[in-house]
Structures are given as C-alpha cells and as structure tokens.
Amino acid sequence: MYYAERMRRGVVLSAAIVATIAVIVGFVVGIAGGYFWGLSAVPAPVTVTTTKTVTAPGAAKTVTATSTVTATKTVTAPAAAPLAGKVIKVGVVQPLSGPLAYFGESGLDGVKFATDEINAKGGVLGAKIELHIEDFGIDYKAAAAAAEKLITVDKVNVVVGGFASGAGYTIEDVTEKYHVPYVTIGCSADTITARGYHWVFRTAPNSTEYMLMMGHVLSMLYPKAKRVAILAENSEYGQASLRAIKKLAPQYGWTIVYDEPYEKRTPDFRPTLQKVKATNPDLIGLVSYLTDAALIMKQSKEVGINVPISTISGAGPQTLKFIDLTGKGAEGMVMASEFWPNKKWPYLPAVMDISYKFWDKYKRPIDFQAWAGIGVMYIIKDAVTRAKSLDHTDLRNAIASTNMFLPWMGPILFYPNGHAGWWKYNLVTYQIQKVRQVDGIPANIPWQSNGLSFYAVYPPKAAVAALTTP
Amino acid sequence: MLSLEMVLALLPSSIVYGIFLGGLYAIIAVGLSMIFGVMKVINLAHGDFAMLGMYITFWLLTIFGVPPLLSLPVSFAVMFAVGFPFMWLVKPLFKRPLEEMINSSVILTYGASLALASGAQMIWTSNFRRVPNPYWGTTFSIGGIGLDMGYTVVFMFAVIVYLMLYFFLIRTKVGKAIRAVSQDPDAAALMGIDVDRMHTLSMGIGLGLAALGGSLLSLVYYLYPWVGEQLVLLMFIICVLGGLGSILGVFYGALIIGLAESIAVIFIPASIKDVVAYAIFLGILLIRPQGLLGGKM
Amino acid sequence: MLDVSDIDVFYGDLQALWGVSLKVEKGEIVALVGSNGAGKTTTLRTISGLLHPRSGSVHFLDKRIDGIPPHKIVEEGVVQVPEGRRLFPQMTVKENLELGAYTKEAWEKRFDTIEWVYTLFPRLKEREKQLAGTMSGGERQMLAVGRALMSKPKLLMLDEPSLGLAPILVMQVFDAVKKIYEEGVSILLVEQNVQKALSIADRGYVLENGRIVLEDIGEGLLNNPHVKKAYLGI
C-alpha cells in the first residue's frame, strides 16, 4: 500500500478537525459581526425612521441627525411606559480578542450583567436594552471603525467602552463627529476629557486623581524616599500617567531619576530593571498593565533590586489576577482603585450582594472593569428615564445632568468636560494583605487568592485595615 | 546617557540575559524555519502552536499534576500529531507556482492562527495564567550576575533540544532526507525519498518544536490565548535574519536579537529596543539578502 | 524491460507528448535524441513518476508503474540522472551518494556500493568531504551519475549528461556510461549530442515536437538521411 493511500485514511480525521476549525471561525465571525445571541430573541422589530433637527449643545450650529428607533407591533404601550416597545441600542466597543481581552471581556460582562438586570425588571420606561458588541483587539483604528459602524449601520443610541486610553481617543473622535453620546469604561488618560469634546463622559478616575492618591500614600509609606524611578509603559495611558506623576512629584519631595518608557509585553524586563537599579532609586513606581507589573515584580528580585516597588497607577494590578500571577510576593503592595468590596462603606451590603451575584453568574471575582460596566449601564438607564427619549441630543443632555447615587461608586455627576466628578472623593487605596475577618467583611470571601486580598487602608473614612510597611 | 563605567558594569549581565533570551527565542523559532525550509510554507500560526504547548503544560500540571518539564515530550508529541491534519490543510497549496504558494500560505496560516487563538479564548477564556513551577522566581547569582532558575533551565533545555535536532538532521537517514527535500524536492523524489512523507514529518517536527518551545516559555512567562500573536513577528524576523530554512542560522539569529534587545536597553529607552532588532534585521538583509546562513539546512 | 506505450502528457492544458512509445530491453543502451524542447525530459520525468500520462501506460518488468509515486519507481529499479544534475548543493559528496542509496535494499548495501562507485569515479573519493555545490562541472556530473548508481538500478536513465561539459569531459562521461553498461545496467540515454549518443547505443529513437518520428538500431539512425540533415549537419 502506498503512502498516499495510507494518508487518505487520515482524511476523515482531518475533515473532522477542519470542520471544527470552520465552526470556530464561524462562531468568531458571528461574534465579530456584532450579534449578541442572548438578546436576539426579541420580536421582529418594525423600523421607523424619523428625521428631525436638533441643536447640539456647545456647537453653535444646527445639525441634522437621523435617529432610528425600532418598535414591535405586539406591545401595547401602558401610559406609565412612554418608551414601551422601543429598543435602547447600546453600542459596546471593547478589546475582546488579543492581550487586552481579559479586561475587555470583564467590562463587557459588567455591561451584560446590568443589562440583564435592567431588562429583567421590564427595561427602561418599557424599552428594552439591546447590546451591539464590537471588538477592536489592540488596534485603536479598528475601535474608531467599530464606533463608526455602530453609529451609521446599527444606529445605536449611545456608545460605551474603550478600556485603553488609546482607544478612547479614537472612539471619542467618531462620537464627536456624529454627535452621539459616548460613556467610557476605563480610559484614564487626563486628556480624554480635556479636548473640548461635548459628547464624551468618562466614568474612570483620571491619571492625576490616581497619582494624587498614590503619591500621598507612598510618601506616608516611604517618607524617606527621595529618588524615585518610574517604569511606565509606552502607551497613551502609560505616558499620560507619567506626565501626571512628573507634575506632582515636587509636592512629595521626589526627584524622578528614571522615566524611560518601556515596551509592553516583553518576556524579559531584566536588562531594563538593571538600568533602573543603576540609577540608585529609593522607590520604584510602576505604570503597567497587569502581566507586565507581575513580571517586573518577579524579575526585579532576579536583578537584585531591594528597594520598594509599587504600582502607582495600573491597568490591572488592582485585581485578584495580579495576586494569582505574582503569588505571595504581592503581599504588602498598595494600589489606588475605583473599587473593591473590602472597605468601610455605608452601602456595603448592596455591594456585597452584587459581588456575590456576579461571582455566581461568571464564576470569577468582579473587578474594576466589571464594576465600571455595571455603572455605565445604570447611568444610561437613569439618563433615558429622565430624558424619556432615545434621541442622541436628549440623551447627551440627560447624561450631562446626571445626579444620582450608585452604591458601589458613590454620588454620580459629571464635570462640564465630561469627567467623573466623584473619584476625587471616593478613590480608595487598598493594600494586599492576608485574608482575615475585618469589620463587616467575612474571612471566607471568594475574592481572595493565595490567601491574600485587597483591604482598604486609606483614606481613614474607608479604611478597614491599617497601612503596614511591607 | 550613562557613564562608561556604568555601561561596563551593566554589560556582563546584559550579555548573559541576552544569550538566555536568545536560546528561548531560538527553540520557538526553529520549527518555523524548518517548515519554510522544507515546504516553503510561511506558518503564521506558529506562535499559536507555541501557545497550545503552553496550555498543554498548564493543564497537565493543573489536572494531572504532571511536572512542567515532563510535559515537554507530551507537548511535542501532541503537536507532532496535529502536524498531520494541518498538513492536509496546507497541502492543496503545493499544486500552485512557488510564489503564489508562499503568498497563499500566508493567508491560510493567518486564518488558522486566528481560529486557534479565538478557539483557545472560547475554550479557556481570555484569562491570564501562570504555570506554577519551582524555578519561578528562584534566583541565584554567579559573579555578581543575578540569575533566575527559570531562564537557566529553559536555556539548558533549549540547547539540549537544539543539539538533538541538529544531530537528527545531520546524522540520521531521515534527517538527511529532510534536508535533501528542502534543497531539491524533485531530485529527492528521484533518490527514492517519499517527499510527501518528509513534508508531513517536517510539519510535525516543526509544530512539535513550537509547542515544546511554548512549554519552555511557560516556565518564565504568562499564558493567554493571544500570546502566539505576540511571538510570531519576532520569530519571523529571527528566521529571516538567520536565513529562512537554516537551522543553525536561526540559532545565530535568535542570539543576535536576544543580545541586541538586552544590550540596547543600556543605551536607549526600553520602549524602542525592538527598533534595534529591526535595524539589525534590515542591516544584515542589505548586506546578505539571503540572511546569515541563507539556504543552508 | 521498460515499455512505454502510447503516452500523452500535458503541462496543464499544453500537450507535450503525443502517443510516445518506446522500449528498453535488458542489457541494452537505448538513445532518445531530439532537439531542444522536443519532449525528452518530459518523457523521462513521466517514466520516473514526476509527471503522469493522461493516457497510455508505462510498464517496467511487466509491472505497471505510471500513477505510482516517484520513490516507489526508484524502488522498482528505475533511476534517472536528471537534467542539470540536481545535486544537493549544501551536502557533501558523501552525503549525496548516501542519499542515492535511500531505498531500503540499497541502504543495507551502501558501503559496498560506494566502493564500487569510487572505483568507477576515483575523483569522488578524493572529494568525499567537499560540498557538492562547490565542485566543477565535470565532477558534478560524475557525482550525479554516481549518486544514481548508489541505488543499484536495473535501468539507468541519463538526461543530457554531456550538457555544458568540455569535449574532454564529454568523452569521460560517455566512457563512464559504457563502463556502467558493461556492469550489466540497462541504459536509456537522452542526448542532444546525437552523434555520440547513437554511436554507443544499440537502438535509438528520434523525438520531434513530442512525437517519436524514427526508430532504428544506432547505426541505422546515424545513416538515416533525415537524421543526417537535421541533427548531424551533414
């Protein structure tokens, strides 16, 4: 029997494998196409197109916007539900593939979690929320293209998402052009809301806010530190944070002795760390993505760095995953974060409730991105309720005048430039400490790893544990 | 700019780190070069097979408690077997003219790469994971150079596997046949060599080496579904630098890139160290378009 | 021994051979001559299994061999020295010879065979460790022939062995072919050097534009007026 004939027997097996790959590809294409399976079971909508002239606030000119709303024939509108039968189309632009997918999915899960909750309670004024999901990987131009598609093809009422500041920039350019409200998930570079744009709202703290908090805590923790080295990744986010740090450094008596940006996601940081070591710092601050931060922590020991290293601002170190990846070595690290359940807070039971529900649904701990995703959807719900309209301008104005309270974020209101107005008062510093029973927080919390979790240590009104020098 | 004294102080350890990193790069990249050398297929899914190797190591440890180093042969064997169906995927390309075939192989394997990475994300989620191992974070120092057990073990195994591969290709009958096919497939067929079989074998070995390299990488790096995408460009540069198809060339290419990245950081910000790699790449290609050891397998 | 019967061969849609038939009996040297582009190489590639006839058949020792892969045909005992030598340039002379003995049977006898080849071409032994790609034209042709002999063929096919060689080397090559023939190997010799080829051949075929136009004993063809006019310039 010839080899070729023997190989032919492999065809069945190969065909099966090729078919599997085809199914996977199909699935991926399906997701990329923006069809969200769980919500596709709504009755066939009747599309009504209305054109009306609105005035964009701030823009001293009249623009024409076409808004498309969908209605179903079957629903009869009760008087109390002025939007009954309508659909609130929310475009979600997140990194759902590639190295940022971990947090992109987390934010998306938060959005889905809140959407399910809101829809289960009858939607907003009778209107159900429908998600249109787009993935941009790590390509920020693709984020802009996705936003453009959501606005022009899917005709969404509002765009949310971003995660990376770089993506936030390109998305806000598009939403500004089309006059569509955009609420970010993440995107902490100060400049996102400093460009004079009217249609962007940021729910995350900005770099300066992180930095003010961390600078204060670090100077309490390491009062003798004078020479500070900053390792910041070479992204919009990393460099925006670095600028904020440099501006504030004199306030803490710091001299920045090293500030060279580094390439993200390198397997070997040791040569860089050696150079940092050679500048003789008293303290090393990281502005790093999750995995980079964990790897730098580990490799700094290898090159013999024995001065304290701390995250100063971070896209990820404030999550349990960081403890997973760093292991016991993470104990004692401090980081400012939007959110962790382990803090002193009047509404803690409500927060715990959501944390456990999220755990049950997704089988993993809720993190800052998921919280942001949930928050964003409740902000939109509130805005639609007050606007009683799905029109872009009405929605934008309603979001701008938000004045509500979310138990896990605090009082919600935006500065005129669109930046979140609450972090200045509600940002909390947590320290990674051994899991134990503290003030209203049980020891058997699921959000722990390697016997460690995050405990609020600053400011005193939120602290459940004392700040301890590692 | 650092003083000369400082540079001299940093240089020895930078060289050591560079060599270690080069060894790791070499073992992941060599399969890519081999597959191109024998079949003229540019395998853009190569990094994703390394990713699968990382997951094999991770799951063997997590589910069955298999120590990571013992999973190396398993990684190799599993992906070697995957080489057979993967071969069926690329085989239709061989009927086309060479240039067209190289181009279509890029498109086809890019598709395979996306499918593998998205498939991995679907099955294992986008979660970052770590393979807990005794070498992780264990440090020692020789002559003032801080070293890490992880990279040291990885480098040792990379060298051992490399030597085995080299011996296999130079000394064994099948190894010689594979080299013959890479140099002239028609002539090889006229010697009585089953070219199809050598193709499949090289595909298996190439993918197996990618996975083995991934398993080694998992001792010092995190795994997530898209890690392959992160690897493949550098691997490709290393292979072209060394001369696509050349096994020794890949080793030199990897060492050069590893050293360049490590040493460059002394002089320039780490964010542009890849630029140095690209510059060396372009420089060498200008002088030797075929790469360092182009065409020598 | 070899029986090519009425084969049509195509490159894509382009037909290169029209109903070509030829025979090589045991103990014969048969020449296949024709000008450039006549289809000689195509004929040999088809016999070796690198190309497949669209119709017609190829039998060797009463076994049908068209449609089976090239390496199986080598195992049957049909080996060719391809046009342009096609050595493995990055391998040593010795490695090239070893690869010639790739088939299972030949591999076991490779140490004896290599001595035989070295007695035929002593030059190869001197150059054992040299890379094939670095040798001179004549040496390369010796190596190509030696490599083919390593498989202990029953039928050796040579595609233009004298191409690009200086006259003195051409002489050497034809001497070597005769020696191999005397060792009991049947030979199918493809040549543009019609005079030389026909003078050592028992029989010959003339191929023109993909068709066999003449067939005769060597001497007969040398005296054929058409051959004289078209190929010998007389």
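For clarity, chains are labelled A, B and C in written order, and residue numbers in each chain start from 1.
To be clear about the criterion, a residue touches a chain if its C-beta (ideal position, glycine included) is under 8 Å from a C-beta of that chain, and two chains touch if they have at least 3 such contacts.
Values in this document were obtained by computation on a predicted structure and should not be read as measured data.
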**Asked** So which chain ends up closest to the centre of the protein, judged by Cα positions averaged per chain?
**Response** B
**Asked** What's the chain with its C-alpha centre farthest out from subunit B?
**Response** C
**Request:** Return the distance between the CA-based centres of subunit A and subunit B, expressed in whole Å.
**Result:** 34
**Asked** Measuring from the mean C-alpha position of subunit A to the mean C-alpha position of subunit C, what distance in angstrom results?
**Response** 72
**Request:** Averaging only over C-alpha atoms, locate the centres of subunit B and subunit C and give their separation in whole Å.
**Result:** 42
**Request:** Could you tell me which residues belong to subunit B and also touch two or more other chains?
**Result:** 194, 196
**Request:** Would you mind listing the residues of subunit C that make contact with two or more other chains?
**Result:** 69
**Shared-contact residues (touching 2 or more other chains) in subunit A** = 3-4
**Prompt:** Which subunit C residues qualify as touching subunit B in the complex?
**Reply:** 48-50, 69-71, 74-75, 79-80, 82, 86-91, 95, 98-100, 102-103, 106-107, 147-148, 151
**Item:** Touch list for subunit A against partner subunit B, complex
**Value:** 3-4, 7, 10-11, 13-14, 17-18, 21, 24-25, 27-28, 96-99, 101-102, 104-105, 233-234, 260-263, 265-272, 274-275, 278, 290-291, 294-295, 298-299, 301-304, 321, 324-325, 327, 329, 364
**Prompt:** If you look only at subunit B, which of its residues touch subunit C in the complex?
**Reply:** 173, 176-177, 179-180, 183-184, 186-196, 295-297
**Request:** Mind listing the subunit B positions that touch subunit A in their complex?
**Result:** 2, 6, 9-10, 13-14, 17-18, 20-21, 24, 84-85, 88-89, 111-112, 114-115, 117-119, 121-122, 125-130, 132, 136-137, 139, 141, 146-148, 151, 194, 196-197, 200, 217, 220-222, 224-227, 229-230, 261-263, 265-266, 269-274
